[in-house]
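Naming follows writing order (A, B, C and D), and every chain is counted from residue 1.
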Amino acid sequence: MQQLVNAASGEIVLALAQIVIENRAYLSEIDGKIGDGDHGVNMAKGFGLAADRIKGHTLTLAEAFDTLGTVLMTEIGGSMGPLYGVMFTNFAEVIDKAEAIDASAFGAMLRKGIEGIQSIGSAEVGDKTLLDTLVPAVDAFEAACAARRPFSEALDQLCAAAEAGRDSTKDMVAKIGRASRLGERSRGVLDAGATSCALILTTLAHNVQRRLQ
Amino acid sequence: MQQLVNAASGEIVLALAQIVIENRAYLSEIDGKIGDGDHGVNMAKGFGLAADRIKGHTLTLAEAFDTLGTVLMTEIGGSMGPLYGVMFTNFAEVIDKAEAIDASAFGAMLRKGIEGIQSIGSAEVGDKTLLDTLVPAVDAFEAACAARRPFSEALDQLCAAAEAGRDSTKDMVAKIGRASRLGERSRGVLDAGATSCALILTTLAHNVQRRLQ
Amino acid sequence: MQRFINDPDEVVEDTVKGFVKAHADLVRRAENPRVIVARQAPVKGKVGVITGGGSGHEPAFIGYTGVNMLDAVAVGELFSSPTAKSFLDAAREANGGRGVVCLYGNYAGDNMNVKMAIKLAAKEGIEIATVVANDDVCSAGPLERAKRRGVAGEIFMWKCGAAKAAQGASLEEVRATAQKAIDNCRSVGVGLGPCTLPAVGHPNFVIEPGTMEVGIGHHGEPGVRVEPLKSAKEIAADMAATVLDDHALPPGTEVAVLLSGLGATPLDELYILNDTMAEAIEARGLKIYRTYVGNYFTSLEMVGATLTVLALDDELKQLLDVEVHCPAMR
Amino acid sequence: MQRFINDPDEVVEDTVKGFVKAHADLVRRAENPRVIVARQAPVKGKVGVITGGGSGHEPAFIGYTGVNMLDAVAVGELFSSPTAKSFLDAAREANGGRGVVCLYGNYAGDNMNVKMAIKLAAKEGIEIATVVANDDVCSAGPLERAKRRGVAGEIFMWKCGAAKAAQGASLEEVRATAQKAIDNCRSVGVGLGPCTLPAVGHPNFVIEPGTMEVGIGHHGEPGVRVEPLKSAKEIAADMAATVLDDHALPPGTEVAVLLSGLGATPLDELYILNDTMAEAIEARGLKIYRTYVGNYFTSLEMVGATLTVLALDDELKQLLDVEVHCPAMR
């Protein structure tokens, strides 16, 4: 059975930070169309700060997620601070004690992230938020596991569903957040959070895949 | 001997107003290069107001000059209000009682205008102001008269000297007014007041010429 | 960007430093560098009054810290909610033992961070009551008022809430008064030019020359409609109508009017707008008790203006009259 | 032009109307519509304090009319001196029988119109003393100080002169104190973006993106040099040096600092400048007694800022402390 060793996998968070920082301008641009144009700036600042703290230390994935989540929550503010902050601290909580993370633990971790986000933001699928990426992605991952597909293949399903979920936001009218005030004018543009969430999930999946033993 | 009938010559001031209003944008543009860009606006407003008061009335040239000067002085402010204001009220004073204005009266009128401007503005020829148009123009007019040239020809001399005087400001460094703070940077541009003064003098001269009897 | 800045990522830090240096007689920085505190705070036995919000709205929010005004303010990044930790620290600094009221604007980030701060504060025995400003008429329909954004009406909410607290009212009384103040406020914004987050480097949105964005948000959130740019008279009349149609105040009501520039609008233009607005407001039989015109709540260098009308009763009038000493208003 | 205006030729009229509506508790319009008068003026037995200048600098000049501030202000067209008649009418409105001091800026038009007003007033038995502000360091060399323009330092001249008059001083005392205040002021302006006279319709001058105009005047008069746009830190340090090099104040001197935006500069950027300016001023051993940051003296929608440093003595400090009630400052 494929699994990921928790120890020394903290580096994966550096890869997440890198992809977010690389997409700083792009994410802000999307946010600028129907939001206030700072999503990339906010995300890059938070993930960059966390990466600075992690670099040079050998951390478990759980420890690195916890660092990232705590930095987002206590130093970033905005919507992303609490939302991604609670997601990553919840991720960390689930895998905290595990030596190795199998597909089932990974699925439980993702699910707990969704719970955290919904408990604080009260958004639903269809509201044009990052949940439109996250929820179908996790659903697909769990479905693949239930169908006894290997961990790696389940991660492929996760990526495909995340990207489809992100794209689904294009046709949605925003029901929550700044963009919700625009009504019909919010249609036709990707959601910024859904886009960053797809980047995060696919980067996470690819890095996990490379480390599966 | 050529002369101008004072009565009913008030219309000449309407012609002055017209030329000033036509050159509103041009005069502001010149002022914008080394001043604050409002010379055309100020001038058009003052001359326009005066024209409104004069239109429909049959005035002597003296009365019309007095109206123009008073409007400038009491309703326009800026530098132009007092400077051109005193010039035109002084013009009016000299020809007030005259039934007809000959070249000598016309010269005395112009000279009194210069005195008024200098008494209040203390500028000299060479300072890059409207005096660089006015003083040589009046000098040329007087010289022609002294040489016993006819009134009309003396007015031609006046026009030529006014335009040469205006052009002479291009190479000057401003020594008074806003532009004087620029030092060398004020060189290379016409002075706005010198330009409006040339317009006024040539228009005045041509209209007088047409009416000489 | 023709702007006075250093590192684009340090705009908030540099602003706060320069602010505290200019107004050291009135404010200080807390140990948490993202919290500004009134010199005299905490006042024992007084309800603490705090707010917080994204930066780029100067003089809001920090400029309203002072005597008879806010006790502490949590400072966020540009256009981004402060952290839960900063809201918590502001509450700690403001806490005089009778609880703290947090008067903030209705934005997703602020809602979440305040929610978290409340939980954290409760653990320390600090009770935080909240009022959420939602005065921006164009941000949701009249049946969805709870969804509306908070904009410049927050200033009246702070002023009345803080004055009430200064008079020794209880937490619940202060909360109720601040709630009444914001319930009595309606605002509208019009944008003629966009703003640029320095770290982004280009405008957030486009306003074509010759057009204007009606109902624009304080962060450049696009408005409800784009119109050809009209005369000041027409714009002012439209703005007054938008606010007053939603308000439906009986003739004879006294109101306070706040006309704020969005950052790059010069004062003469605000006065030009006020000329017509005052007429439009009085034409509805309302009586203008006081008018504030200036850059009270801005959006970086956005060109535009907001109008806020506060319906007054005797209590609110009297609270508005209480003298304040803070950098942003008198 | 993305601006809130009506008829471009009516900008001043509309501004004044909206201003008087907003601040009717403090000011009124005289019979001459180009004169703004403090509600309580004339005060019998007090020296009248007046000023006047072109419009487009709001809140200057009209916003400084009020209690313990200016008694009356003559209003000119945009960037254009008021008429002699308006200066005269302002003096009449301010005259409480002990003479009037006219505290104005060193511009050709103002000089001429005030000169004429003095003559006209003398005929009516009103004595007008004058102080001519010349605080703008870059507008002429140190040996030609009399040629320098008056800029934001005028605010300190008004504040100190008006407070002195409010304390019952004689015409000569008020004049001398206002003269001392302006003699103790040095200012410098930096422009990052031009302004447009509405009636002209396009910017008066060009500032290429990426450059700035150092020593710019309040009417867009070009500065003494064009430089590449620097960081706020460098600009602030330069501005402080320009002002202080000309001032040569002994260490230990107390100063008041006024940092004004030129109309379209948002407040956060002024605070960013202040952060460095305060450091630069203190680095010379000077002590900052008070700092004013805001849009105190503007130039339509110009982007830029001015720094004014006023050297204080005991008298000026005490006069600065006198409370004022006027629309533009506290």
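Observations
Everything that follows uses one rule, which is that contacts are C-beta pairs under 8 Å (C-beta built on N, C-alpha and C of every residue); 3 or more make two chains touch, one makes a residue touch a chain.
All figures in this text were calculated on a predicted structure; none of them were measured in a lab.
Think of each touching pair as a link: the shortest run of links from chain A to chain C has 1 of them. Centroid distances built from C-alpha atoms place A farthest away from chain D. Centroid to centroid, with C-alpha atoms defining each point, chain B and chain D lie 33 Å apart.
Between chain C and chain D, the centres computed from C-alpha atoms are 29 Å apart.
For the pair chain A and chain D, the distance between C-alpha centroids works out to 55 Å. Work out the mean CA point of chain A and of chain B, and you get 76 Å between them. Taken residue by residue, chain B touches two or more other chains at no position, since every residue touches fewer. Of all residues in chain D, none touches 2 or more other chains.
Chain contact topology: the protein chains form an open path, each linked only to its neighbours in the line.
Touching pairs of chains, sorted by label, consist of A-C, B-D, C-D.
The touching residues of chain D, counted against chain C in their complex, run 2-6, 11, 14-19, 21-23, 25, 55-56, 58-59, 63, 192-193, 207, 209, 212, 229, 231-233, 235-236, 259, 263-276, 278, 290-295, 298, 300-301, 303, 305, 327, 330. Against chain D, in their complex, chain B makes its touches with residues 25, 28, 32-38, 40-42, 45, 73-83, 120-121, 176-182, 185. Interface residues of chain C, counted against chain A in their complex, comprise 9, 54, 76-86, 107-109, 112-113, 115-116, 138-140, 147, 149, 197, 199-200, 204-205, 217, 219-222.
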